[in-house]
Structures are given as C-alpha cells and as structure tokens.
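Right, one structure below, let's go through it.
Labels A, B and C are assigned to the chains in the order they are written; within every chain, residues are numbered from 1.
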Amino acid sequence: MNTLLILIIYGISLGMLYFLLSSGLSLIFGLMKVLNFAHGSLFMWGAYIGYTVFKYTNSFILGILIATIVVGIMGLLMERFLIKPLGNNHMYQLLLTFGLINVLNEIVKIIWGAKVIPASKPQWLSDSVHIFGNVLPTYRIFIMIAGVMVLIMISLILSKTKLGMIIRAGIERPNMVRALGIDVSKIFTIVFIIGAMLAGLGGAIAGPFLSLYPELGVDQIFYALVIVVIGGLGSFIGSAVGGLVVGLTQSIVGYYYPALSMLITILLMLVILIVKPEGLVSLRRRGRE
Amino acid sequence: MKKLLEIRNIETYINQFHILSGVNLEVIEGRATVILGRNGAGKTTTLNSIIGLRPASSGKIIFNGEDITDLKSFQIPNKGIGYIPEDRDIFTDLTIEENLLISSRNKKTFSERKELVLDLFPDLKKYWKYKGGVLSGGQQQMLSIARALINDNKLIIIDEPSKGLAPLIIEDLIKKINEIKKTNTILMVEQNFDMATRIGDDYYIIDEGKTVHQSTRDEIINNEDIKKKYLGI
Amino acid sequence: MNSRLMFLKNNKNKKKISIILLFFALIVFPFIVNSTYILSLVIEMCIFAIFALSYDLLLGFTGIVSFGHALFFGLGAYTTGILMKGYGWAFVPTLLPVILICVAFGVGIGAVTIRAKDTYFSMLTLAIGQFLWVIVVKSRVITGGEDGYHGVKLLFDNNRLAIYYFMIVVLLLVYIFAKKLINSPTGKVLQAIRENEDRAGMIGYNVLTYKILVILISGSIAGIAGSLYAVTAGSLTPALIHSNTTMHAILMTVIGGMGTLNGPIVGAFIVKTAEHVLSDITQRWMIIFGIIYIIIVLYFPGGITRLKIKSNKFFNKILRNKKNIECFEKSSEEA
C-alpha cells in the first residue's frame, strides 16, 4: 500500500513534468493549428540555459527565469520569421519545425558540446523527506509545486483575462474573432511566445532531473506528442490530464515491469486514438470556418 | 441620403473558384438594404468580402467615405461595422457575458450598451453566466445580434437570420430587427422572402456572382418576372 | 508553325541524346574514376535516392507528412539482416517478409490515424518511429542494440562494380514504377487529394483507401531501400530508424524538389556528396543543411530541380502546346 502511494506521488510529479513539457505545444496548436515539432528542442534549450545560468550565478531560480525569458524570445523570433510567413500552410509549417529540430540540436552541440552533462540540483532541493517510511526527494516535490502553479496560473489567464477570453474564442472560431475587430495574428504571436516560455520553463526545471544531451529535444518531443494525443490535441487542460495519465502509468508500470513502461505508454496512445481520437479532454467541435 | 456603404464591381475568388464577378451595391444611411438570390449566388461571399474575411481581388469597397477594400480583416469592424454571420458563430465555450465582453470595443460604453441590448433580448439576462453552448438556436441568434449591438456601430450586417429557426421565432426576430432598424443602418442577406420584405427598404438581387437587379420594396413584391427568374418563387 | 515544330524536334532529340549520354556516363563511370570509395558513395546515394523517392510519393504527390519514414527503412534493413545472418536466408527471398512487414505497419499506422486530421499522421509516425528505435536499442539479443548488428553477408561477395550496376538498375526500376504510378489513374487521385482532400472526397473517391495505399506502397519501397542498405553496408545501427534518418529523406526530397521524382534523386546526390565532403571539414555539417532546408521551405518550396525547370519554362510552354496539338489531332482523327 505504502509502495503504491509513493508510486502515485512519483507519478504525479512525473506527470507535472510532462505537463510542463507538453502544455505549450497543445496551447499553440489549439489556437494556431500549428504543431511545433521543435517544441522539444525549445524545452532542451530551456534546460541548457537554466543549467548555464545556474552554473555561473549560483542561483537556480534565476536560471529558470532567464531560461523562460530567452526561450520565449526564441519563440517570438520563430513565430515572426518562420511560422508567420507560411501563413495558413500547415504542411510547410510542419516541415519547417521538423527541420528546425536539427538546427537547434546542432547549435546546442556547438555551444555545449555533444556529451551528456549531468545538471546539478541546487543545495536546497537536494534533500529528501520521509513519507510513510518512504524516501521522497524534495526535487520531486518542487516539480509538483511548479507544475501546479503553472497549471493554476495559465488556467487563470485563460478563464479570467481578456487575452484568455480571446484565446478560447479563437480556438473555436478564429474568423469570427477577426470579424469582431480583434487582431488575431497578434494574439497568435503572444500565444506562441507563451507556449515557448512554458517549454523553456519546463526544460529548466527538468534539466537536473533528466540530465542534458543534444538529443534531449527529440526524445522529449516523443513524450509530448504521446501526451497531447492522449490528453486531447489543442486542449490546455488535456495536456495536464495526459501528462498525469502518462506519468502515473510510467511510474507504476515502470516500478513493476520496467521494460514494459514505454510499450504500455504507446499502447495507451493507440487505444485512445482508436477509441476516442479527439483525446480524453476534447475541444468543442469547431464551427464553420 | 448619405451613401454609407458602396460596393463597386468587386470580384472575389475562393481558392481557384471565381465566386463574385461583378457585385455592385449601395447602402443608404438609416435604411435597411436586403440582398436576395438563390443558394450559391454569392450573397454570403459578398458580405465576407465587405468584412474582409474573403478579400475582394478587384473592385472597391467604400465605407463611410473611406476605401476599406485593402484593410486587414480585423481593421474593418473597427470602422464601425457589426457582423452577424450566417450560422450565428457564437463562442460556445464563453459565457454570455464573455461573448459580449469580447465583442465590446469600448470599455466605457459597455455597461450602457449592455442595458440597451438586454432590454431588447431579456432572455440573455437569464443565462448571463452560462456558456453560450447552452442556448437554443433562437437564443444564439439573439446573442449573435447582441454582439453586434454591444458597439455603437454605423452598419449592422446580418447574414440569413432566419436560417434554421422555427416560424414563431422568426416572427419574433422580425420584430426585433425592425426595432434595431429604428436606430441602425442594416445590410441583410435573407432567403425568406416574406421576412425580407417585412424588413428591407432597398433590394438587390445577386445571381451567379453578379448584381442583376436593384429595386424598392413595392417593385420587388410586384415584379413576378424578376421573382421567377432569379428567386424561383 | 513548321519551323516551330522542327525546333521542338530538336529539343526532344536533345533530351533523348542527353539521356543516352547520361546512361553511357553511368556505365563508363566506374572505369574512369576507378575508386572503390567513390563507387561506394554512389551506391549509398542510389539507396538513399530510392528512400527519398518513396518519401516523395507521400509528401510530394499526396501531401502526407510523415516524420517516421525511417521506420520502414529500418524495418527493411533489420529484417533482411536478421533473416540473412540469423537464419541463413538468401537476399532476394527476404524482400517478401520485408514488404509484408512494411505493408502491415503502413496499414496499421494509416488506419489508426487516418480518421483524425493529417497532423496526427505526422505525430504518430514520429512516435512509432522513435518507439521502434528504442525497441531496437533495447532488444540487444536480437538486434545487437546500440553496438549494431554486424556481419550481414554482402551482395555479390562485395564486388563493388557489380553492386554499382545493380543499384543503378534498381533505382531506374523504382523510378519507372513511381513514374507509372504517378501517371496512372490512381496517381491522379493521389494528386487530387494533395490539392484538396475534401474535394477529392466529394467527387466520390475513397480518400482513406487511397491514402493507405500510398502509405503502404511508399513504406514498402522504403523497406526495400533498407534491405539494400543491409546487404551493401553489412552493418546496421539503430540510427537507421532514428528521426535523423527521416530527416535525411526530407532534406533530399525538399531540397531536390517535392513532387518531381527527379528532385529526390538530385537531392540524394547533393546531400550525400555534401555529407562526405563536409563531414571531413566539420562534424556539424547538418546545421548547414538545416539552414538551407529552412530557406528552401520558406522561399523556394519547389526545390532545386524546379529552379531549373523555371528557366526552361519557355520550352515547357511549347511542349505543352505540342501536347495540345497532338490531343487536338487525335480527337479530330477520332471524329
């Protein structure tokens, strides 16, 4: 019983990490119908930047902050110069973001080298606490708290602010939002920046947990895709649900049958695709375009 | 007799299809102008071209003395045009309040306009904090109209308000639109001939992407030839 | 009129002559360069040209974006490799299971994603591809894991000259097959789907069936390319399945020109040559291609081969006129 409890806690913290990884991807897709395959690479950049800032300033929080901002700026540049010029041509946007994976990975290799870097945790997050006779690293608790905070913050933005209102309306009927006199393309840019910032934040937090290597982005986009398919592509809450489902599955299955953990995750995705292709939390059906 | 909107020979393509090939019309301030025509004649596309969702490739659209042909789609409504689309297109994921808030271009006038709108459509008050998805078809139409009225627009564009509504509700809708007409200029597309003639002052018929006829109410009611030829009545 | 037709004839002759010259060049090429290294490079180019060609059928002709195409390549390579080394099969018989496996995967992935939007296909192919990669890495006993799978018996006892001619012929056959497919009624439907999927459906074509068909054809060709890789390289690594290999196919197709069939071949030759030249200079050669690729997607989506075609637009116009004349003559004859 105690084991299961600790596995669930582990699963939730992993799930929150997955949520941070995939929420930006889903948010961007929901509004813009652009699936950013380079999202995992942005996540990786967040991890590397966070690690570097922490290394030189000794402030972990500052690392997270700067990673979030810098990756946000990368998102801005990407949207302006690579995504927007292609307009509504989603096929080319897919091809472009996929190609960008390579460029972003290669730049990482140039700056930080191709070797694995074990990013360290700050002193104050290196301990562990004892719960029901089990050891729980504080860093896992930190991930959970960070994830929940982001979840609450973005949910509040989506539900309480005018920007959130426009995003929700734009997900449903972007053309009607335009016809109300709102500059949707500006909102696209803002949402892309927010999505990239979420990736940067997630990466900086995940860095010490996953350790850094240039293929991190490709490995992580795999999980992000699985999660958004399970949770519901384009739904912000869906990415939290999908993240938790995958996190819990991997934590529990991974404890008893480590070899099966990935297989079960993939099977889960396939089952969802067959039974409920729109995902666990589906967006409302879109109206006439 | 001020021309509020003037469309001069616009042509519009959707993908490679030549949908509009010469639409001309004028909307006089303070009057209700109705566009008639068969299914697929290009009525909705004409409205979409005005509002900028389907920009015209040639021709001119003059609104309130200003050329708006090449403006971006989001700039056009800000000139004072309210758009009520064919399928209402309310935001089902937003509450009634949010539907109106998002439509409002001026925070200061919101509460004042809100009172005005709710007086006209008291039903909306009942569902104020509910999501748009819960409304019935007729109520959704009310909300869609309310969205256009929440701003002090110079022109209200209505695309087929009667579509898919029960006769009793249409009856109510006609009253409401005539109410709105007292204070607004209206450009409306309507298939329901009876409804159209109970609202409109000026009439245009579009057929195969062109303006083919222009007349007043009396004329359109009495000219059987035109009706048979272009409207199939 | 007459002089114009004469000119045309000359142009057509030119084309014929240049094709014959190209063949002649390909035949004598090994004797001129006389370098095993360069022959091996050309052999590798041919294999990747076949792989990229199969990708073009999906991307260029049907408008389907797959990010896991390498999974077919890898499946082909490992199936052939394991059957030959582990079970003593000859090369050619392994092609049957290779095709069967690729068809099974193609139908499976197609059937699962096709109900959803196209984006799902891109996502799922990437996910399944990466998953397969992990499986190959982890199944050390069967595949050799990250160390690779070595010692597959080479084609023609590794006679590079024989392999070279063989590859040229296979590439030619695949090219002719693809060309026939594209010009067949099926191919026209595929292109109609690319132009406008909804309309193709409305006209009455079963879009799903056609899409699955092209996925499994393209997958099978990619699988065969993988098989050929196995019997020419002799060693297999999980990297063959990794998304980086898919990226190679995309680079070749897009740089060469999607939807041209010639493009992917040209692209394969460019990318492979550059890979060998640049990788001596810098390890980070991929970044150069990444940037070129992005520029092409943004500004020259037609690819390199179309740039050339553009300058030949004049001839094309005349050719089209000639076709029209022929059509006209035919129809008047029939009448």
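Note that in this section contacts are C-beta pairs under 8 Å (C-beta built on N, C-alpha and C of every residue); 3 or more make two chains touch, one makes a residue touch a chain.
This one's a predicted model, so the numbers in the text were calculated from it and none came from an experiment.
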Steps needed, at minimum, to go from chain B to chain C via contacts: 2
Using the mean of all protein Cα atoms as the middle point, what chain has its own Cα mean nearest that point? A
Go ahead and note the Å separation of the Cα centroids belonging to chain B and chain C. 52
How big is the gap, in whole Å, between where the Cα atoms of chain A centre and where those of chain B centre? 42
Go ahead and note the Å separation of the Cα centroids belonging to chain A and chain C. 34
Which residues of chain C are in contact with two or more other chains? none
Using the touch rule from the top, collect the residues of chain C that touch chain A in their complex. 63, 65, 67, 112-113, 115-116, 118-120, 122-124, 126-128, 130-131, 134, 138, 242-244, 247, 250-251, 254, 283-284, 286-287, 289-291, 293-294, 297-298, 301
In the complex formed with chain B, which residues of chain A make contact? 162, 165-166, 168-169, 171-173, 175-185, 284, 287-288
In the complex with chain C, residue positions of chain A that touch it: 29, 33, 35, 37, 82, 85-86, 90-92, 94-96, 98-103, 106-107, 109-110, 114, 218-219, 221-222, 225-226, 228-229, 233, 259, 262-263, 266, 269-270, 273-274, 277-278
Considering the complex alone, what residue numbers of chain B touch chain A? 51-53, 72-78, 83, 85-87, 89, 91-94, 98, 101-103, 105, 133, 147
